Every structure is written in C-alpha cells, then in structure tokens.
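As written, the chains take the letters A, B and C, and residue 1 is the first residue of each chain.
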C-alpha cells in the first residue's frame, strides 16, 4: 500500500448521482431459503419488461444515463424469447448443488475392470466429453446476446456452462483413471448437435439442446449409474444426471412460458420439434438408439460384458422406450402435447414399436 | 428397533439424515420438494427444505394425490424391502439397489407425478442424491421387517 | 499405436469376436469396430492429496498441449479423430491466444472455493447506515454489477471460439463467468437489502473498450484484466477495509478471492502471449496507450470515484477530505500495481504512461 501521507486536502465532489438513483427504500429480507433472487424481485427491480430497450448493459432497475454507450448488441430482447417462471429457483438450486469432480467422487473405489468393459466405459466417456463441449459452448454464446434485463435466465445458463465444464472434466478423468484412455471421437457433435450450433433463435436452440439433446443425455447418465461398476462411476453419473435434469427443466419451463406468452410462435416451435425428433430421437446420432457405436458400448455395459451383449441390447431398448416416453411427457408439460395426439409426431409410433 | 415400513422408522432415518452435515454439499445440498413413498398400501409424505428433511409422516392416498406432491415413489413391497436390506448390509445402496438403478430396471418409472407433469417428476432426477442419501442413512437405523 | 489420422486399429485389448456370447434373434450384429481405437491406452492416473485434479490428467499424449491446434472439431485432446467431420468455427487455435499454465489449477480452486450469496452471506448483519453512505455503497454496487456484466459478456463472446485443444482454459473461464454471475447477484442483493436501491448506470467508456475489443482474446484480456481488473481489485480491497458489517466483509473478501483467480489467469496468459508470440508486446503497447487514456477519463469523470470517496469518508463532508484522499491513494496503488505488472508481463509502461494515470502516482 502507498506510504505517501494522507493529506488533509479538500476535493471537489460531484454528488449529483445521489439524486439520480433508482427506486429507493428497498429492504429485501431473507426468506426460508435465504436471500434468494426471488426475494429481491420487488418494486421496480422485479418488473420484467415484455421487450427491453436496455442496450447499455445497465442492471435492471438502475437509472438510465442518457449518454451511456449502447454496447449491448443484444439480440434477445423479448421476455418470451428467454424467460421461464422458475429461473430464480433453478439458479439458486444450481448454486446449492455444485460439486467437485476432484474431491466428491470416490476415485479410490475404481479397480481394474475386464478389458471389454473398460473399453466400453472409455468410449462412453470420450463421447460424453465431446457432447458436453456443445452443451457448454452453445449456451455461452447466447449469454452475451441476451439483455441483462433478463439476468435471472442468463444466470441459469451461466450455471449450465459451469455444470458442463465439470462434466467434461469428470468424464476425461474417468477415461484416464483406470488403465484405459480416450478413444475415437464420435463425430455426433457435428451431426445433430451441429444443428444446435446453427440455431439462430434462442428457443430453437433450447428446444434442440435442452429438451431433445439433454433429455436423451439425462437418460444416458441415469443408465451410467445403473451400469456403474464401482461407487465412483455410480456417483459420477448420478451427480451428472442431477445437473442434466436441471438443464432439461430450463428447456421445458422456457418452452412452457413461450407457449403461454407467445402463442403465435407455436407453429414455428412445432417445426423445431419436428426436426429435433427426426434427427435426435430416430437417427444415428442418438447413442441410446439402435445404431451408434456408443449404443454398442452401452449394450456391453448394461449386459456386463461382450458375452452378454444381446441382453444388454435388450435392456437398452427398454430404456430407450422410457426415454421416448419421458420426452413426450416433457413436451406435453411444455404445452405441445397435442402433436402426439394429432399424428404430427411419429414418436408415439416409435414408442409403441420399441417393445 | 423400528419396523420398515412405518412412520417411526422413517422418522429415525430423518433424524440420522438431518444430523449428518456431510450430506449438505458435494452434489447433495439444499433442495426443495414434497414427495411421497408408497409401500404397498402404506403411504408416507416427505418434505425436503434446504438441507433438512423437514417432515416425514404417514399420509392418506388422498394427500399423496394433492397438487402439493411433486412426485410419488411407488414400487412393490418386495423391492422396497430388498433395497432396505441391501442398505442395511452394505451401509449404502450397493450395485443395483440404488433408487435410480431400481427405477431403470422396471418397465415403467417408479417415480411419477400425480398430476402427470414430467417437469415435476423430473425432480426425482434433480434431487436424486438427496433421496439416495436419505435412504442410505437408514443403514444407521436398526431395522426389522416383521 | 493407432495411426492418428486414419484411425486405424491398434492391437486391440479385445478384438471383435472374442468372448461373444450366444446371439439372440432380432438383435443387430454389433461391429465392435470402435474397439482398440485409442491413441494411448493403459493410462492410470491416481488421485493425489487434493483429489483427482484436472492437471493430474496431463500424462503421456493427453498432456501434450500443441502450439497450434488444427482440429476444427470437438475432438477431445488425445482422442482419435474421425475423418469427414465438418469443421466448426473455432477461430482461436493457437496456444498463445489463450493459454496460461495455471488454468487447470485455477479451475479446481474455483470449484473448491465456491460460495452461495443467498445462504452464506450474513445478511442479518446489515443495519441502517447514514443515508449518504447507503447511497454511496448502492451506487458502487450498481457499477460493480456492470463491471461483472461486462466481464461475463466478453468471456462468453470469446469462449465458444476457443478450440478444445486448450480445454483447461475454457473450463477455467466457465468458472470465471459463474463467479461474475455470483458477483452480480451479491452486489444487487446488497443494494436492495438495506433500505436503498440501485444507482445510476455508468456511462461505460471502459466497458465499451472491453466489449469492442474484437481483435482477439488476448487483446480483450489486456483491457479486461490488466487495466480494468487491476483497478477493480484495488477497489475491492479498499471496500473490504471499510466494510460496515459482516455481510459486506463476506462479500468483498470472497469477491477478492474470486477476482484474484481471474487476474492470475489474465496476467499469466498475457505473459505467455508476450513470450510466445512475436510482436504481441508491441500490440499490447498500442492497446494500452489507448486504453490508459480511456481509463484515465473514466477515473476522472465517472461516478465511482465520488461514490468511493463518500463511502470512505463516512459521508459527503468526509468524502471531500479523508474519503477522497483515501480513494486517491487506492488509485495510486492501482497504477503502481499496473506498472509493476506491465513490467513483469514484458510490456513496460512507465516511460509512456498516460498523464491521466501518471498523476495518481503522487498518492
């Protein structure tokens, strides 16, 4: 710190800002969950604009400064394009439920496994490492494009980026922890997930990423716990599944909000669901589908080895059926269930055929 | 010694769970949910708030079906018993006896939303570690099944 | 070893056909063509004293961090490529464009040192402050929200352009944006928890300078962390010293910890860039010559200085004397730190320091 003497000099002080503050007298109180974002959504600070013209990046409720630079370039400026009713809840939940792959996974419980199982596990980890790259990159891209007036929703996406970084890390660790290594990349992240990359609308992206993609990955993580050969794997997959379920919840709740507040976009969203269902649920790229090499790895793990591949494959089909059912119910929860009744979606047929 | 299933048994588990601060982090952590367990004809309502299991008690079927209930975990009594026995033997659910593993081995999910809302059923996945920790805490409760 | 480009099979641990059990009708024949395809097998990294950390994984080929990563896909470093995958726009593909040796460790540290504003800040310790002081802290919190917002926006802008050859950096930056979100949350909560409210937004000259640096991530880091970030740290330290209650102490002490990680990454990256990229030092000299002027203008004309003075002086009257003097000493510290860091990074600024910053050295 400076050793120069503090001089008793009088300085001019412009305190005009004191008369230009936002709504005053706010005294948010902690609730039973602490002082959450929900507790501070009071007065003007809790008012969400339907459309925002905040292009300077000012915090919602702060006083506007006429000469402020419009540095925002925010493409997402309508509430219906990004919002979800439980944004504050999901963000606070994410904060509470963070974990460390370094110290919260009992790595010491991993012991050598039969070669075929180790290879299958390493292939799966390589795939998940790759897939989580997408889920980290793409929401990040949208954060900078979203007005800070919707910071609660932005914060949920930031938490997702954090979660995905942790997932990338934990799967790489597992692949290198037990005498194996990384294997060949899947390429799936340039297929159906390529279309997640290409989406130019947030809801389009979210439909594909959160509801379709992450819904499928959630099921796979849950399978990981079932297949796990030791406590480390079981815990790793269970914690990843928790995180993933939160991301899926974002997608469902956002779509629900949009369905209720921008019904004119329903036909458009139906088209995104059409594409997602065609690509993800039925195509090569669904690892829990019938053809991808990762599905072979899953079958080996579910069966407990190559010798029981067919049994594992049958289990995989049963789980795939569950995955399809949950997808339908999530889309229904989001307000788009009619598509499964009016013949628009082929998922009900796939579901019935998956027996 | 408490009999499984019974309100007394669940309350003993609740006490063990609430007193173990190691469960408050590392992916467990605070959660908010109202759920239920159905063991044959017996129903129990459970409420998690923050790091605590706030409430666990017997409940009626009607209560389980209330809009407050996020999801119900229901499985055959023999599956429940096998899970608890496994936990008693190993100190925590071992192999295929975790809630998640049991769930995936059934044709249909053991957790369902009484309002048929998948978003609420998904809370079973979002808070899976807490429910697993809760049942794993039963390893420290002397249990009888008779 | 596998042919990395062709993805040819290695002598497999298990080859297709071994150990196959009886087949069931209707189940498609597996190919197992993926088995045995690995660049390096037999890796067994063990957890150390602090668990299994990201940096521990850098063994064998998995630890080879190339100077240039020519892969335009999402291939994990060390995984085998697959021919025919369309490229993705990962424009930052050279190590000097983002690397810092400390990134992996900082990532793990960030996870271990996470905090939760809602439940860990002792909000109950807040008690009414003199009106002028409350207005000052609220104005400061408002501006900090904008600082953090700028930081997370510029990071997320660049993050998805960074290739996966340097995933440690991407993972660390994920923690940095998470920290920024937490800071926005904590400062907003502080402003709304004690009878106050938010203040007036900044004009945003430095924010603009940061957000408009589109030439490269290194250029953004120069402004974000060397200039603005070093100043922010000086402010946090002053505010911790002047905290009125446990809540503020908690917030500022934890923000200091978080921000210190960001700065460590930033400074390390800049040093790496200067030592590994010919001409980077001169680019930074040019940028800093411009940036110092903008920073100096904001220091002079912005509201932060006045708000800090009022807070440090216990009100307007004290702000005019001891408050402003204390603040100016803090700014002097910032400038001294900035010069020392510039020297260390390899971009000395003492000789050409902009007068608008140089004047603070007397404090």
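Note that contacts are C-beta pairs under 8 Å (C-beta built on N, C-alpha and C of every residue); 3 or more make two chains touch, one makes a residue touch a chain.
These figures come from a predicted structure and were not determined experimentally.
Colleague: Let me spell it out: compute each chain's centre from its C-alpha atoms, then which one is farthest from chain B's centre?
Modeller: Relative to chain B, the chain with the farthest C-alpha centre is C.
Colleague: Please identify the chain lying most centrally, where each chain is represented by the average of its Cα atoms.
Modeller: A
Colleague: On a C-alpha centroid basis, what's the spacing between chain A and chain C, in Å?
Modeller: Computed from C-alpha means, the inter-chain centre distance equals 21 Å.
Colleague: Approximately how many whole Å separate the CA-defined centres of chain A and chain B?
Modeller: 26
Colleague: Would you mind pulling out the distance in Å between where the CA atoms of chain B average out and where those of chain C do?
Modeller: Each chain reduced to its C-alpha mean, chain B and chain C end up 41 Å apart.
Colleague: Counting only residues that touch at least two other chains, what does the list for chain A look like?
Modeller: Correct list: 33, 96, 98, 100, 103.
Colleague: I need the residues of chain C touching at least two other chains; which ones are they?
Modeller: Answer for chain C, listing residues that touch two or more other chains: 119.
Colleague: Would you give the residues of chain B that are in contact with at least 2 other chains, written as numbers and ranges?
Modeller: 30, 50
Colleague: Under the touch definition given earlier, write down the residues of chain A that touch chain B in their complex.
Modeller: 32-33, 89, 93, 96-100, 103-104, 218, 222-223, 225-226, 234-235, 238-239, 241-242, 244-246, 248-249, 252-253, 256, 318-319, 322, 326, 329-330, 332-334
Colleague: Which chain A residues qualify as touching chain C in the complex?
Modeller: For this pair, the touching residues of chain A are 1-2, 4, 6-15, 17-18, 20-30, 33-37, 40, 42-43, 45, 56-59, 61-65, 67-69, 71, 91-92, 95-96, 98, 100-103, 105, 107-108, 115-116, 118-119, 122-123, 126, 129-130, 133-134, 136-138, 140-141, 143-144, 148, 151, 154-155, 158-159, 161-162, 164-166, 168-169, 172-173, 175-187, 189-190, 194, 197, 290-291, 293, 296-297, 299, 305-311, 313-314.
Colleague: For the complex, which residues does chain B have touching chain A?
Modeller: Those in contact with chain A are residues 25-32, 49-50, 96, 98, 100-101, 103-105, 107-109, 116-119, 121-123, 125-129, 132.
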